[in-house]
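Shared between the two complexes below is chain A, which pairs with chain B and chain C, respectively.
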Partner chain A sequence: MAKIPAWLRWSLYAAVGVLVLTTVQGFDDTDSLTAAGSSQSMLRWAVPILLAGLGGLFAERAGVVNIGLEGMMILGTWFGAWGAVVYGPWWGIVLAVLAGGMGGLLHAIATVTFGVDHIISGVAINILAPGITRFLSSEILTTLEGGSITQSPRVPGVGTFTVPIFGGGNIGTWQSPDFFGWIAAREWFLVSDIASLAKGLMTRISWVSLIALLLVPFVAWLLWRTRFGLRLRICGERPQAGEAQGINVYRYKYIGVVISGALSGLAGAFIVSPELSGIYLEGQTTGRGFIGLAALIFGNWRPLGVLGGALLFGYPFGIGLRDLDGSASHSLILVNAIGLGAVAIWAATRRKRGDAALALALGLVAAGWYLLSDTLPDVWINILPFVIVLIVLIFFAQRLRMPAADGLRYRRGEH
Partner chain B sequence: MNFSLGRRILLTLAAPVVALVFSVAMSSIVLLISGSNPVAAFGDMMSHASRLETMVDILNRATPLYIAGVAVAIGFRMNLFNIGVDGQYLLAALVAAHLGAMVNLPGVLRIVWILVVAMAVGAAYSGFAGVLKVTRGINEVISTIMLNAIAISGIVAYLVREWQAGGAILSGSASRVGTTPIPESGLIPDLNSVVEFFTREVGQGKELTGMLVIAILVGLGYHILVNRTRFGFDLRASGINPFAAQVGGVPAKRMVVSAMVLSGAVAGLVGMAEINQVGFFPANPIRGLGFTGIAVALLGRNHPAGIILAALIFAFLDISSGVLQFTGAASREIVVIMQGVIILAAVVAYEVARRARERQEARSAAEALGDIKPLEAA
Partner chain C sequence: MAQAIELIGITKRFPGVVANDSVNLSVEEGEIHAICGENGAGKSTLMKILYGMQQPDAGTMKVDGREVRFTSPSQAIDAGIGMVHQHFMLADQLTVLENVILGAEPTKAFGRIDFEEARSHLKQVGEAYGLTIDPDDLVEELEVGERQRVEIIKVLYRGAKILILDEPTAVLVPQEVEELFRNMRGLKNDGATLLFIDHKLDEVLAIADTITVLRDGKTVATVKPDEVTAHDLAELMVGSELPTPETTESTVTDVVALEVDSLLVVDLEDRVLVDDVSFRIRRGEVVGIAGVEGNGQAELVDAVLGTRPVKSGKISLMGEEITLIPVRERREKGIGYIPQDRHREGLLLPAPLWENAALGHQTQEPFTSGPFIDRDGAKSRTEHIRQEFDVRTPNVEVAAHALSGGNQQKLIVGREMTAGPVVLLAAHPTRGIDVGAQAEVWDDIKAARALGMATLLISADLDELIGLSDTIVVMLRGKLVATVDPATVSPRDLGAYMTGAKQESA
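Let's turn to the complex of A and B:
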């Protein structure tokens, strides 16, 4: 497996995933699982998770655990909304990135300079951030037309675009053909489903989404192909070795954690943009910083893995949002059952009898649930990412490898 | 030696005091920038807090915070981070309130039944994270974050709808939606008669929660368990040096699960204050007590008495800031910032104090060795 390049492996996973979705869809007589709209809203939900996950990647690759992602994201939502309302959408993004970066700086000061436990500092930031935004809301948002202590006026967005030729976007004033839309309409097995999902990913996507997606290869290049990345990663693996090489470990940890906060802030700005909500509401991050952390773990502390986790976790949210009668969400239970069955087979081929039995039992429970119910209560959609990560951890914890010195206290000159 | 002991105590006390002063200073600056008068604001809070009714409110808020602080502290003593107190207490309170109303038991037995169910649910949910840690090597921080979300936005959100008693229920003056109410006899009686014996009648329909007694018992139990029992010794030993403890015959895996189970059992009691106050599990319960509990445990240095002080400080800020809405001296949200700053300042101060103490110890050790010349100055 290790010989296949990562992008090819993840594409294969995606193709198998679509195959499962197509098959399940056949059972349930619905086409919303592979509709273009589904992948479109999946992307919208995935972007904040992806940005938070990439943020977590920077911090943890530098050896600092950042569970303050949630708090930094909250700062991003408030400043993103306020900046966009008062100065315009791009300024909102700039301010959100700065505010998140300030949150990261605070975390860096506490953990790197003062050597405070990373989890404790993160918890403190998660307590502090909503306090700051609530105070600012009471002082500032209440003075804005249409704002109140818990919400902002409408937030303007940065605009969207559609990819020409593949998604049917415009080149100048000429409307190009809609290639994927054409294939999707042919109703060819699997091929049309993939095209339909791909069209969703290329139609009316926000510029911020595009930035977030382009960040994935950029981060992969930056962290694994540059001197800067090597130095940052050594701080997360063996800071003493880095120190022996003359690297200023503190500085790289600071950079990693501040970038981590800035990306979480950007995620916050995306949440308040019209793509998702178009308004700042208190408490609207609803644990997405933690889901980002989950995506990071799911993705084994790698950029492509984080993208995979973000899309996987964004998908049920995207389905749930468009699924008024709960039938499409219901089909997802069958997808879960199939997934658990695959885990059982995988464990059986590795002669892990206990794991195989456990996965099989869980899979049968899911299958039974699917057969005995008609709809899925919407609350289950909210917890699906967490359940998936827990299951992944239960069965694959030994295959995941976090940076060796992640979360450990590092003092210059101490061993 | 006396000098060194005095200095040590001073260092221990100095850290939280510095954190408090720093937080007051920071919030004063914020208030000044936003055009409010910090002296007037804190003055209003102080005078409000000196009223008997406010004190009752503060104790009512401090009670669950204290229990949450102890729950977190039990884990901390073994270097375990139970972030899952939030999920544990909400799930425990919901199940206990439902089963408490469903199962028909006379008076005191029902009270005991509700408490036992709450502790059992909390213990089971937290123990699951412990089992995952020892059997699968999953860090408890990660698993409890996931379990928190699963409990709060999944199980509790679902069950509260399923178990909702038809329509709105009248409680006091406001009607709130929630599970079937528990009969009056199944609720822990309030302590107003005790307060009134010493002072005067408590006005405004305020009731001092009977959970205060349970909280005190939890604190005593925690103190005895950690400082006076074999188990507590093993717990602290595993926390300080797990390998040494294991060599000394402490079963590491069993200790992890036991600590998580104990922590969860105590966490299960956190929500009982609210259940006993309103008589059922409301659809919108008080959330986030677990995270505040982490702050309280940290500020109180995991010490049974220290956590009392920390819980009172946080409860004071929460409750007495309510008056700011009426006096208009400042925006009451300033106290949330204060709480965040206190906790961040406190952990930084503790860390600095710890290093100062280490240097002090190294120096006094060098002095005690006398003529043996240390190779290099510390």
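Let's turn to the complex of A and C:
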């Protein structure tokens, strides 16, 4: 497997995933799992997770665990909303990035300069950030027309675009053909489903989503092909080796953690943008910073893997968002059952009996649940995605490898 | 000949100690110069000063005749000085190439690394000095000797002409040491100046052109190898007579204390770590296990101690099976343990000595009274250990990290010995401690052996293994591949068994 290029490998995984979704839809006589709207909503959910995950990547590749992503994201939501309302959408993004970056700077000062335990500092930031935003809301949002202590007025967006030819976007004023939409309408097995999902990914995408997606190859290039990247990574692997070669480890850690916060801030700006909420609401990040960390772990601390994790975790959230009667989430349980069955077989072939038994048991529970019910109660629609994240991590996290010096306190001159 | 390095009156003080006390050192261009001394004699501090990692409080340094003052390693690198650290400064998950170019990356526009240029420069350096290595290997896949070569290439890549090697042989087996020495001579012939720290005297005598001996932070002598013997050097280092690990008469009895039968240990991925190992240790016997690190010795000790699950096989202590009982009960039944990494497994560094002395014995007299810790009992026991085992500390309340490595080790040895173990598992009991402390640890093991303690000894120091053991078994890839008599085997032969170059004749 190792010799297959990463992008091809991930594409194959995705194709198999769509195949499963299509099959399940066949049983349930619905198209909600592979509808263009589903992938669109998956992308909207995946973008903040991706940005937070890439943020986590910068911090952890520099050796600092950033559990404060959530808090930095909260700062991003508030400043993103306030900036967009008062100065316009792009200013909202700039302010959100700066605010997140300040959160990162705080984390860097605590962990790098003062050697505070990374988890403690991160938790402190997660507690501090909602306090700060609450205070700012009471001072500032309440003075705005339509704002209150817990929410902002409507937040304007930076706009969207639709890819021409493939997704039916306009070139100038001419409406181009809608290639994927056309295939999707043919109802060809699998092909139409893939096309439908692809159309969703190309229709009315926010510019921020585009930036987030382009960041993936850019970050891969930056961290693995440039001097900056090599020096940043040595800080996460063996900072003493960097120091011995005259590299200022503290500086690179600072840069990594500040970028980390800035990306989380950007994620926050996306959450309040009209693509997702169109408003700032207190408590609206709902743990997406942590899910970003989960995507980072799932992606084995690599950018493309983080994207995979973000899409994987974004999907059930996206489905849940559109799922008013609980039927799509209900289908998703069967997908889970199949996935767990696959994990069980995979674990069994590697003679990991414990894993296989656990996956099998969970899979049977999911299958039984699917068979004994028709829809999913509201509360489960909201919980299910988190459960999926948890299960995925249980089975994947043990074979991954994080940067060797990740989370360790580094003091210059100590060995 | 010109002086490559000249240090005059270098003094460096740390709170409470003078690490270097007006040290003078003069290294000629193109020579191999050895620095000898016990741990704590100030060798490492001196090298760190020379490499810009620390700044001297007084004194002058000259490199190639020019006076210099380094505030960071990069300045030393610019002056042509390179350092090969004892603990390799390599990132395991990066490639050889990435490790080598780190900090001196050739770049194109936008800070892109010019990997082609880096590769060809690496190849050129390798060819010039006759050192070869695959640039795309991950460091974690390399043998210890190869990693060291990467370190040396790393230094040469930066154009260093003066190389500082900090205890380069500490991690190598004899065959690798020979390879290293060949490389060192090659470097010297190509015009490099080498400065190396070592306290294995036969090695120093074999390779050095000049030897400087440090003791208590002062230079006590600078000699030529043909003027002195190993014995003379040792006395210069210690300031008194030379200890040896040799035990005199056998104290082996007929009572089997520890019996290991067909032991199989695997890791999480089912890779075999300890492969069908059987042996017995009788009371009063020391069984030494020789092996290149990573061949299952550590896992064997873990299994006997109980910190690692056993897949199959049987372990018995004084005839009673202990394979499945937890670590604490094994300890209570009389298994003593000197861990190979005292900082990770032996001590709680920020905790006071008396708490450290209770570790592993926290359920036993005199450390407990009922369900509580008996502070007074623990302290008086620790005081006893301090006196009996010569742990140099102002009192038993100081934190363990305040002690030097040798004293920390003596505390651990004292802790285990005072509990009177039936079986002692000693993993590298004298690693990284100075000659004086080493001799005391050897004496402690010998004394306990005479009283009937059975010892499983693991050591990378082959002289120690040969000197202390009654029997030596060789471990290779998890298997016991040979049993040798320490009275007749030479370190060279032992090394050959350890690398698999030599097999036991049936």
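In the analysis below, the second predicted complex is superposed on the first by the 397 of 415 C-alpha atoms of A that agree within 3 Å, B and C clash if a C-alpha of one lies under 4 Å from a C-alpha of the other, contacts with A are read in each partner's own complex, and residues count from 1 in each chain.
The rule we apply is simple: contacts are C-beta pairs under 8 Å (C-beta built on N, C-alpha and C of every residue); 3 or more make two chains touch, one makes a residue touch a chain.
Just so we're clear, the structure is a prediction, and the values are computed from it rather than from any experiment.
Student: Could you tell me if A:Leu106 is touching chain B, chain C, both of them or neither one (first, second, both, neither)?
Tutor: A:Leu106 contacts chain B only, not chain C.
Student: Using the superposition on chain A described above, determine whether A:Arg251 touches chain B (first), chain C (second), both, or neither.
Tutor: Neither: A:Arg251 stays clear of chain B and chain C.
Student: More residues of chain A are touched by which partner: chain B or chain C?
Tutor: Of chain B and chain C, more residues of chain A lie in contact with B.
Student: Looking at A:Phe228, would you say it contacts chain B, chain C, both, or neither? Reply first, second, both or neither.
Tutor: second
Student: For A:Gly115, decide between first (touching chain B), second (touching chain C), both and neither.
Tutor: So A:Gly115 only meets chain B here.
Student: Mind working out whether A:Arg322 is in touch with chain B, chain C, both or neither, as first, second, both or neither?
Tutor: After superposition on chain A, A:Arg322 lies in contact with neither partner.
Student: Determine, under the contact definition given at the top, whether A:Arg154 touches first (chain B), second (chain C), both, or neither.
Tutor: The answer is neither, since A:Arg154 touches no partner chain.
Student: A:Thr286 in the overlay: touching chain B, chain C, both, or neither? Say first, second, both or neither.
Tutor: first
Student: Residue by residue on chain A, keep only those touching chain B in one complex and chain C in the other, then list them.
Tutor: none
Student: Chain A touches which residues of chain B in the complex?
Tutor: By the definition above, chain B touches chain A via 30, 34, 81, 83, 132, 136-138, 141-143, 145-147, 149-150, 153-154, 157-158, 161, 291-292, 294-295, 298, 331, 333-334, 336-341, 343-344, 347-348, 351-352, 355.
Student: Of all residues in chain A, which touch chain C in the complex?
Tutor: My answer: residues 225-228, 230-231, 233-234, 237-238, 240-247, 351, 401, 403-404, 413, 415.
Student: Considering only the defined contacts, which chain A positions touch chain B in the complex?
Tutor: My answer: residues 65, 67, 106, 110, 114-117, 119-121, 123-132, 134-135, 137-139, 286-287, 290, 293-294, 297, 377, 379-380, 382-383, 386-387, 389-390, 393-394, 397-398.
Student: Write out the stretch or stretches of chain C touching chain A in their complex.
Tutor: These residues of chain C touch chain A: 53-54, 72-74, 77, 83, 85, 87, 89-94, 98-99, 101-105, 107, 110-113, 270.
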